[in-house]
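Lettered A, B, C, D and E in written order, each chain numbered from 1.
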């Protein structure tokens, strides 16, 4: 029984590259706002996150024009995230309520609901425009 | 983090929880401590009770599937799996063979992920953050694979009544095999780092003992019971899904150490060896997997209609990473189940805490508590709290309750 | 409340589980691991709310945990940031109709940043932190002017 | 004129002042309680002043000889005596004044403290009279140059002590403790008396200088040595004869306990006096030295290990007193063990002795302080049981601060006086044997641990309901503690000055038997 | 007189500032090392400075049950005593500011003061976790004091046997002025003894600094931060600083006793370049000592239980220390005592 196997392991590790994925930047930039500004101007670059696989279940997307208002999606939605809009006969999905199960995608007869790969949804307001899909 | 303790004299009591760094989940322990030694233990679960069964009895099976996912985020497959098995028996659904295999593969990935997670947490409880980091770093590989197969890292939403929602296509096999190779190459290192370390030995050997007899008497399940030498594993005792066609055996601690003591160390041994076993099982599944459908009925309204017609009761059991997980469902020709009961593995295991903790030191509380890999989320069901004190129901009273309930069920 | 820029680069977090399903909690811990290593940004998990700058709340706030949550929030020293991780903390999520909820989190304590997801990926949580820092920067700038 | 008279008769005044005070206290007490308090304070202060003057005198112009009943007090040998001093003679050298000043300081602080602290007691007139009488006994012991006289003062000290121990009559425990103390003291006294008889029979003299001068170290002398050592070591509370201390210390009122510490030290002084002045190099110094060292180490260890589990604060502190006595024995023992080896004496023997002696005065200060804080706690909370106490730090801030100072000092944490003397012991003893100083260091840490526990039990934690009305103690008590605390700090911060001024002369005086004899008998006699 | 006082005050301020800066840098380096050993990137080096700056700006909450005076005084005392340590330890071969007044034993005892302050603060905060933490801290202290005492006394004894007049002075041990260090005066047996004692000291360091595996008093998973669980804001910052300074002091102590060489002796330079070289070399030594006695140990071990800790320090390490002492004593006899 070796005494402290980890000691050898960490000493070996110290020479290796860290396993860290440097998203979004190696260290915190001087100012996040400035950094994001530069990114949008294309002057700086964000290290990408670990790639999402295809069929990843991110924020829901909705093709309003294709929807026939059959409400099947509402019936299967476990989180009560889908609201029916009577006037337009379409649905509204609250992303903060949604649990990203994609059950509605499977159920919709006309395939107008899909899960995108967009998962960075943090927001200060839980009812912001970004978090309501209609 | 509580500081409401007023009595300060030895032996004094310290409350731990319901939020405490050692417990990632809410539960309240009360210890009577003398010096550094635990004299008495009591715990009050119920801090994570969300009324899931109650909600389930108001939803349809397809919705419940996603609710079962969120009984607990760690072993999402197991609960869904057990629930689906119960419904399938009631409705009489014949699950396609391929779906059986896919379920098995996912359940085993879940086991890998969950055991590595546990190993990391255990190391953390021991103050060994390097191993914590290491275990979780290698766990990421299984998370990637699970994400690849299911579309999410936790709450997979993959098992559906009647099968699975996604197939594992041929082109993903290469990636999966790569992951399996990764773990095969790692397992020796993990065993060495965890089991040969002098400091871990010092902390875990003969700590939190649970004897064979006590393990039997307390009806413990899963790795906790196997570490005490009880040969129990639902996968082998009453095979389901593809397990009947796979070649494997109980993982016992004496496989590795030559003896069974039933201490925390043995629980580490069992869990780490089960990682290796799971890798092997996945390999077998991939080799034997038949072609075919993955879902009995792809149209959800049809599935729901079938469920609505069904009547009867059934129990679904699976071996979750922490042990047997059991769902009892009774359908009564309506959208929602008439009755749904969940018995999670921690529910069976938690009483063993009282046995293990007595006479141990404060310093060992975290690792002993963690050693059964508790997860309160799925365990907290009935919380009877009156005036802040949990009522104690006598056995007779409980039995009378169940008699009454059974009658009600029969008469309906 | 004194808001210094150093706060942005040294956020110590305390994790509070208000009755979640563990999914988010596990992802929070996963976020702290070498793969993502938020210590790069000075983020550190601490064991006592007294030391914390950020409160990460998961779960839909079940009845038994409401008082605790409020107490922990009050125990934290100002200035403090609250992040709500996961759908069920924002709206109840899948537990929306439970009889035992006092939540969502936003109804119990003020929340600064919501991170939707069930559970959110580690990067989504980091993204949430970034948004929180951006919010802090905005407040600081407003103060400076 | 009057100053001249005072200066001339300082040694007599040193005793006369408290003696007179003791006699008059009941009378003044009849008149008014306030007046009596003022009177007692005044006497105590006066005694302190006399001690200070005497100290100055001795340190500046050498050993003072005072012969009672002689025309000129300084002439020890009457013309008609044929060269033998037969009157009662006080031989006040640097060692004596060192002890006297330390006793007087503690005496004053204790008096100050007890004016408020023991105000709830009955029979205070006799209490103060006894207190002053005890001071007389102590001062007499350390100043006298006469063996029989020494015995007499020892008895005064003991009887006053026993009466004081028993003075708080609660449920008979205190009486029992007082009785124990009295019996033991009498036993010790008898042993001393017997030894004195042996000397007298052999040398036909009672004067220490004379005995020392003619010391043969024959069989009878050896017997006398053993008798004296046993009796005085017992009175000083060293292991293995320490068993009476916890009872006596814990049962007496705290102010008395603080003073009992000094009384024990007077006996320790007796040990040193006997060994160094009476016998000096004539005895087998290495063996006796080792015996004292071993006694010291045992005292240190046994004292501290017995202290740790105690539940009664004062019992606990009493065991620590035993343990601290060990340090003094260790330091002086090492000095004794190398007494005949000039090189070693130079290299570390002297320092070790100085450390041991320095520890005496330091111990008097901090242990006195600690007992007073314990008294303050008892005064307010009404119990000494650590399991019942708690949360007092919220209200009794000053008492807590004083306790912390005392506790750190006894544990030898810089910058308090305990560290200063212990450091001298460590750094000299290690040359004699490294292990000894390592043991001494470890005992310090154990002491620390024990006091941290006490600190926690008494002062920390939430306020307890049963101590709702507890407030800080009255100002007199604080002043009493404050004086000692101040000295603890001063001695700790300026150890060198204290050592140069008080300790080195004392140690030199102790070692230098020749000049002691010469001071009495004159010239090279 | 005035200029002496000025010099002392100025020197103290300078040492305080340098001590704090170096201490924080050391903490930063330690975190970076640990991160890399755990396959992480880790925080930027200046992270401890940011942490302190942040804590300074935060509110300091005093909990309800706390004994306020002690609670608030404890962090100040901890920092002050940690800084005081540096005044007695020779740094980079300089004569310590208070070198004439104190020595190794003084340092050994001052080392306990920050810990004691933490204990007092822990008790004063009135939380059961902090109380258990404080009790453990005391036990830890008792545990490591013995080997530490043996190591220091052994070295000092060897110096005194070699005819040094002031063997306990750290300046003597570090060879300030004389240029003689312990390795120069011992024979082969003594070298083995000193090596053993060096290891002993390296093992005492984590206990002294309450780092893993000896962080039982603060064990996050058991005691929520233990001793300092109730501290926040400025008070916590002061403890943090004290921790940094103490790390510096402890490693500097190790360097002063066992690795005191200056590089300028070897490469034979003088003047300003020598000074700078010495300082840099000294810091390098400190970092190396810290790497082996703090960073490496803390990442490769599980936390000890308190009874393990006691049996380890009173058992194995104490025995090792005593063996080291015996070696050194034997060495003296073999070499016939005085060497110089």
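Basically, contacts are C-beta pairs under 8 Å (C-beta built on N, C-alpha and C of every residue); 3 or more make two chains touch, one makes a residue touch a chain.
Keep in mind the model is a prediction, meaning the values are calculated, not measured.
The set of chains in contact with chain A as well as chain E comprises B, C. Overall, the chain located most centrally, as judged by its C-alpha mean against the mean of all protein C-alpha atoms, is E.
With centres taken as mean Cα positions, chain D sits 79 Å from chain A.
Mean C-alpha position of chain B lies 70 Å from that of chain D.
Work out the mean CA point of chain A and of chain C, and you get 18 Å between them. Centre-to-centre separation between chain C and chain E, using Cα means, comes to 37 Å. Residues of chain B in contact with at least two other chains: 1, 8, 21, 66-67, 70, 128, 130-131, 133-134, 137, 152, 155, 197, 199. The set of chain C residues touching two or more other chains comprises 9, 34-35, 37, 40-42, 47-48, 75, 88, 93-94, 97, 118, 121.
Among the residues of chain E, those touching two or more other chains are numbered 35, 37-42, 44, 63, 65, 126, 131, 220-221, 224, 229-230, 299-301.
Those residues of chain A that touch chain C in the complex are listed here as 18-24, 26-28, 31-33, 36, 49-50, 52, 59, 78-80, 94-101, 119-126, 131. Within the complex formed with chain A, the residues of chain C that make contact are 8-9, 34-37, 40-42, 87-88, 90-94, 96-97, 106, 111-118, 120-121, 123-124, 126-128, 130-135, 137-138, 141. Note for the complex: chain B touches chain C at residues 1, 18-19, 21, 24-26, 46-52, 54-55, 58, 66-67, 70-74, 76, 117, 121, 133, 136-137, 139-140, 143, 152-155, 375, 377, 383, 385. Chain C makes touch with chain E in their complex at residues 2-4, 6-7, 9-10, 34, 37, 39-42, 46-48, 50-51, 53, 75-79. By the touch criterion given at the top, residues 33, 35-42, 44, 296, 299-301 of chain E touch chain A in their complex.
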